[in-house]
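Next up, some structures in structure tokens.
Look at the two complexes coming up: subunit A is in both, with subunit B in one and subunit C in the other.
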Partner chain A sequence: MSATVFHAEVGVSDEKQAAAKSARRRFGALVVRLGAIAAFAAIMAYFVIFAPGFTSTFNLINVVEQSAILGVLAYGMTAVIIGGGSNVTEGGIDLSIAANMGLCAAVYATLLSMGYGDFLSVIAAIAVGMAVGALNAVAVVGLGILPLLATLAVLNVAAGMELTLTQNTVVGASSPLLGLLVSGSFLGISALAWALIVFSAIMIVVVHGTSFGLRLYAVGGHPEAARAAGISVPFYVSFTYVLSGFCAAVASILTVSRLSASTPGSGELLLSVLAAALLGTVFSRRFVPTMGGTLLSVLFIGLLANGFQLLNVSSYWVNGVQGALILLVVAITSFARGSEGSR
Partner chain B sequence: MSVSANDNNSAKVSVRGFLAKYSVLIAFAAIVIFFAIASPTFLTPANLFNVLVNNVVMLAIVALGLTIVISSGGIDLSVGVSVDMASMIFVMLLAAGYSGVVGVAGGLGAALIVGILNAILITRLNISPFLATLGVLFIGQSTQQLATSGGQPIYLTSGYAADQFNAIARTALFGIPTPVIMLIVLALAVHLLLHRSVFGRYVQAMGAQPGVAWYSGIRVPRELSMVHVLCALLAGVTGILLSATVKSYVPLSGNAFLLDAIGATFIGTTLSRERKPSVIGTLLGVLLLAIVKNGLLLVGWNFYWQQVGIGVLVFLVLAASFGLRRAAH
Partner chain C sequence: MQTAKRDIAVSMTGISKRFGPVRALENANLEIARGSILGLVGQNGAGKSTIIKVLAGIIKPDSGSIVINGEAVTSLTPASVEKLGVHFIHQDRLLVPTATVGEAVFLGHEIGLGPFVSRRVMERRAADLLKRFFGMELPAGTLVKDLTTAQQKVVQITRALAQKASVLVLDEPTAALVKREVDSLFDVLRRLRDDGIAVVFISHYMQEIEKLCDRVTVMRNGTDVGTVDPRQTPIDEIIAMMIARDVGEMFPKRSVELGAPVLEVSNLRLGGSFENIGFNIRAGEIVGLTGLLGSGAKEIVQCLFGLKTADGGEVKVEGRELSLSTPVKAVRDGIAMLPEDRRAHGVALGLSVRENISLASLRRYSRSGMVSRGAENQAVDGLIKELSIKTPHRDALVRELSGGNQQKVAIAKWLSCQSRVYVLDEPTVAVDVGAKVEIYNLLNRLAGEGAAILLLSSDLLELVGVCDRVLVVYRGRLAGSFSGPAMNSDALLAASSGARSNIDGVAA
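== the complex of A and B ==
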């Protein structure tokens, strides 16, 4: 209502000015958008031409393999953001996901080194991951604590428990399952790459192909409307946190197989996970987080790191270029969103 | 609608409301009493001095900056970068033989650049604060790695300026350590700015209702830019204090402040019914975290268990505050 009043009071000259302003803005948007597309294309073209073996099948599978851990974690984060809404400070977020993965990896590796079999160890890791997720769910849904805060506290608990369990050391691990994940392959694609492919397929189908997924979007987009439509909002939000814990546990098994050990410092992955999940929103037309968008952004980040590696560029550049590209892509979409809004 | 009817209604739930409102204070008092009994050294002046100087001041100054940003409805994930950049330029200038004044100006200038970058990204390019500052965080990490060939610390060998600045971090005025005086002055300034000035009212309005703030004629981009610049500058002060205290620059060390500062600010929001950040609340949050850390250490918990303990305690305080308030409504 205040908008219409505001418009009524705008004089003719102001309107002209506004038109000129929006034209300039549209021109600016065009420049930035073309520039970004050109920059992205240039980077990829550069990799294709100059990075030896960038386009080889072996290398591309390698990228998928390297992206598996980040991808699985990013799916968990994406689910939480879908179910909780994408408001910066009050929406859904799971800061504990990377620390949770570290804890699960520690549990898994420790149990293996104590002589328990794969079956029990995997069950225990998944149970721990989902228990941490359930703790988040209780805090957010049951007690009404802001997700940002609740998962921050749980982050400390999980990270501290991992340190207590491993005394900040590397716990080596080997088992038939880990051997299979490292060296197994099917149709020429390695087991780790398969893990990401299968996990992605399940996630995309469940979130984007079922009524369950649709309700999840409803809960995140408009909780009151979802409640009025008879959807149990607390159940869906709780589910996303437990799912996020499950993703952390799956990622922990992948990371233990990749490193043949549980190592401290997995909490550093948190920012990359957040970046992947949030960057994924720009791949959707309505700028909402989607599983497909998350997959694309994870692969994009993977390709970037891989190209730099092949070019022998110092790895110190990777973070910075990644950050700059995130900003570029998001700036373009916010320009696009702005021109949509003015129409 | 009458006031008395309102009072009658609220009287029934006022005990719970009271508990919810002051749960952080009550928890704080309980924790202090517990550690005072459990450890004879906890309440000694030497220990409290140590907690203040080593655990409170630097975190609190970063948290003050975040309090301003969070009041405006945003977030700044790049405070660690501001800390690091200020620390890096400060130490590099001193190591190159410049005077302390030049070092401080350079350090604050570096933090200012981070703040201006954030402001441009958020207000000119319309990037959400979360993503904008996340991007700046990544870029800042790369910049530091490139500038220090992968993260080599820079040490200040004892020279004129180094000694002088270490002295400032270690001296006291009227028996109060200089860093603590700096914190008090800064906290007072931020308090007046946020709760007593026109700028503060604009910031609160932007945090409560961004759309309404815009239509009320508040120049949102300008005020928001100011918010992010102030936050970066405060983080820069911490960066300089950090270098002056440890006489070195250790790359990527600023990020350790980020999650604690966010936690402290949001713990502080439990003081107000509307969950608004406030300077007093933030300082209380920082004190709570610092006291728990120090107390658990004195009781003999090792570093690993301390982290679990802090997580559990913060979780319980939040649960009490949020849970009771929900029950009171």
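== the complex of A and C ==
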């Protein structure tokens, strides 16, 4: 029976090791999560104490409004990262999302200025956004190009088309819908803030409450397992890119309303969008991007920019801080996930 | 015939499948009856996995027919097979690491209202199933990545059970389980059988087959060679069915005087893979190493290569102790290695035959940093001729050669460094018979020149034919050492499947 004895011995030590390993990993993950939350809290506390007017209702509502555009874009990015997996090099990412928003804004503002009504212009902007998303999907899913490269290429396509359309000028726009978004309010909350609230609610319910969302996580977490469970991986991945394009179009309408125009330079938002989507993972016990985590990160980034303004720190610093945050989050999550790969 | 009355769930007839020149299945048949447990056994490469993948809809067969629950099915896909109630527990744990147990069990068949899911219900149901079938209690919401290997296996089986499987195929399900878990798995499978489910149990462990299965189908060389009752058929007889008897004159004979020990390995261990491995190989000796998938034999060789770092132990070459942490050091220390995946580690496909051969020994042809092309060409041409490598010229790209010739280039690379120790990992896999014989001749020649050779192989006939001695690894330990008349494929297979052991014969 010596054979059976080996069986048990090797197995037991393996089990113990695995248990110890997973306990260590859980502890490490907890430390990272609590550390991140503590750092956020410390920064907020600093602003509360030292930034004049930081806690005023007016200021906070202002931050939420400012965050609406970033939030809508970050949800698109988050969906792409969920469905493509959060592997930094091969996973899902949509670098074209901000440029796509710029293109949609240009289409929307140009059509409005040419006299087409809100209805047609909005439809056209959304169609263009989703078409750019579909182009990403074709490149990533159809042609099998790394998302990092594919969406980088599409970024340039979208940016080029925007420049062609606007000749790099500001295209002024006004319409009933834009007027409503700018000055409308309900229950004392402005239309822009409502846009963020409603969009957030929809995203959170769809991604975290439905079987669709569960399968999306499975597709990103372990495509083989998803396939074995009868889930069409290409469909889900393609969907995220098209959704991301849709988010870009919705954000474009919000941005046109805020600036009463389509303006060049929307691409600069990309860094913030990426920071928000990646930062959100530290709020998740599974270290995956979540819609709730993204919302918190969006508000954090908004408050950070706002606090810097109130403290009279140059807004250029915000970019640097965001870049550093991305590096930090990617480094920490890669480290925390490290042991998974070797199993 | 009792068979005629049996309630057949799945019947596969005349299945053939080729992968390029390799014949994976040739007119193979498999019949799975309801309310019984069918064992499926065969050596590595006998076609077990292939026929199961055909049933799973992963591989399309070239010919043959499949009938599931009385219905002839033509084109199977993984999804359509599951709809027919046939579920597979694959060897690799196909679970999403970031999902909770509840999510993993019901993925693809979520519980909820319309498009909405109820994680609480899924987690509770999953916990109920785990408790009912396995007596296992997991905190609700545990993540898959925090489970042990065994727990993940159990979750996978629960997945199939949750979907009311009528046929359950388990591929080596016990490989990662401890004894207690194996026993409880067997209880579960028996209970499922009594409920009328057809169970297919693929295992290398003969004891498990004997203990669990009602019938066992034996596969060899891509076809089924018989189906027997394991309780009435001695294990030895089943093993005999697994091994072909027609051994040709493939293995050249030789006689060499053995010299002093060249490679000495003692107390080598790697957590989770193997422990307490010790053996010596003398000058001129060819020693075989074998074991089933997951036994640790492969990892031992990988540690010698430096592809994996052993947790402890000692490796000496000609009395000098080595630190084997990287392949570079292994090369410098005089160990020549021939990895199994020659595309990944053995040869550079994009380089020429000449460059590949002289890669490991450039220093020998160099003078003050410059490669002496003349000396290099001479050595390379000599080796091409000696090994009869079929290449148009020495500057042809290795990519353009056949598999066997690529393998010979990989060997030539090491010949040119004149190592004292050769470690080869499955050197004849996917190589045609002619090239095999040439490789065997080469091994003999190297041994004749006083090299010590360790040959990892799962081809038992090859081991018996080529080696002076064969070491068998079973579940992470040396389970036997065979030489002379005791070294025959029956004994090797018996030892590697744990049916028999020969521990006294292990050289310390």
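Annotations for the structure displayed:
Rule of thumb we're sticking to: the second predicted complex is superposed on the first by the 277 of 343 C-alpha atoms of A that agree within 3 Å, B and C clash if a C-alpha of one lies under 4 Å from a C-alpha of the other, contacts with A are read in each partner's own complex, and residues count from 1 in each chain.
Keep this in mind: a contact is a pair of C-beta atoms (placed from the backbone, for glycine too) under 8 Å apart; a residue touches a chain by one contact, two chains touch by 3 or more.
Keep in mind that this is a model prediction, so the values were computed, not measured.
Contacts of A:G320 after superposition on the shared chain: subunit B is touched, whereas subunit C is not. By the document's definition of touching, of the two partners only subunit C reaches A:A228; subunit B does not. When the shared chain is aligned, subunit C comes close enough to touch A:Y217, but subunit B does not.
Looking at the shared chain after the overlay, A:L296 reaches neither subunit B nor subunit C. By the touch criterion defined above, A:L311 lies against neither subunit B nor subunit C after alignment on the C-alpha atoms of chain A.
In the superposed pair of complexes, A:V288 makes contact with subunit C only, with no contact to subunit B. In the superposition on chain A, contact of A:I145 is made with subunit B only, not with subunit C.
Contact with subunit C, but none with subunit B, is seen for A:G209 once the two complexes are overlaid on the shared chain. Shared interface residues of subunit A, touching subunit B in one complex and subunit C in the other, are 2-3, 6.
For subunit C in complex with subunit A, the residues that touch the partner chain are 78-79, 82, 90, 92, 94-99, 103, 107-108, 110, 112, 115-117, 143, 145-150, 176-182, 207, 271-272, 275, 474-477, 479, 498, 501, 503. The touching residues of subunit A, counted against subunit C in their complex, run 2-4, 6-8, 10-15, 17-19, 22, 25-26, 205, 209-215, 217-218, 221-222, 224-231, 285-288, 340, 343. Against subunit A, in their complex, subunit B makes its touches with residues 70, 73-75, 77, 121, 125-132, 134-139, 141-143, 145-146, 150, 212, 215, 259, 262-263, 266-267, 303-312, 314-315, 318-319, 322-323, 325-326. Listed in rising order, the residues of subunit A touching subunit B in the complex are 2-3, 6, 88-89, 95, 139, 143-146, 148-150, 152-161, 163-164, 167-168, 271, 274-275, 278, 314, 316-324, 326-327, 330-331, 334-335, 337-338.
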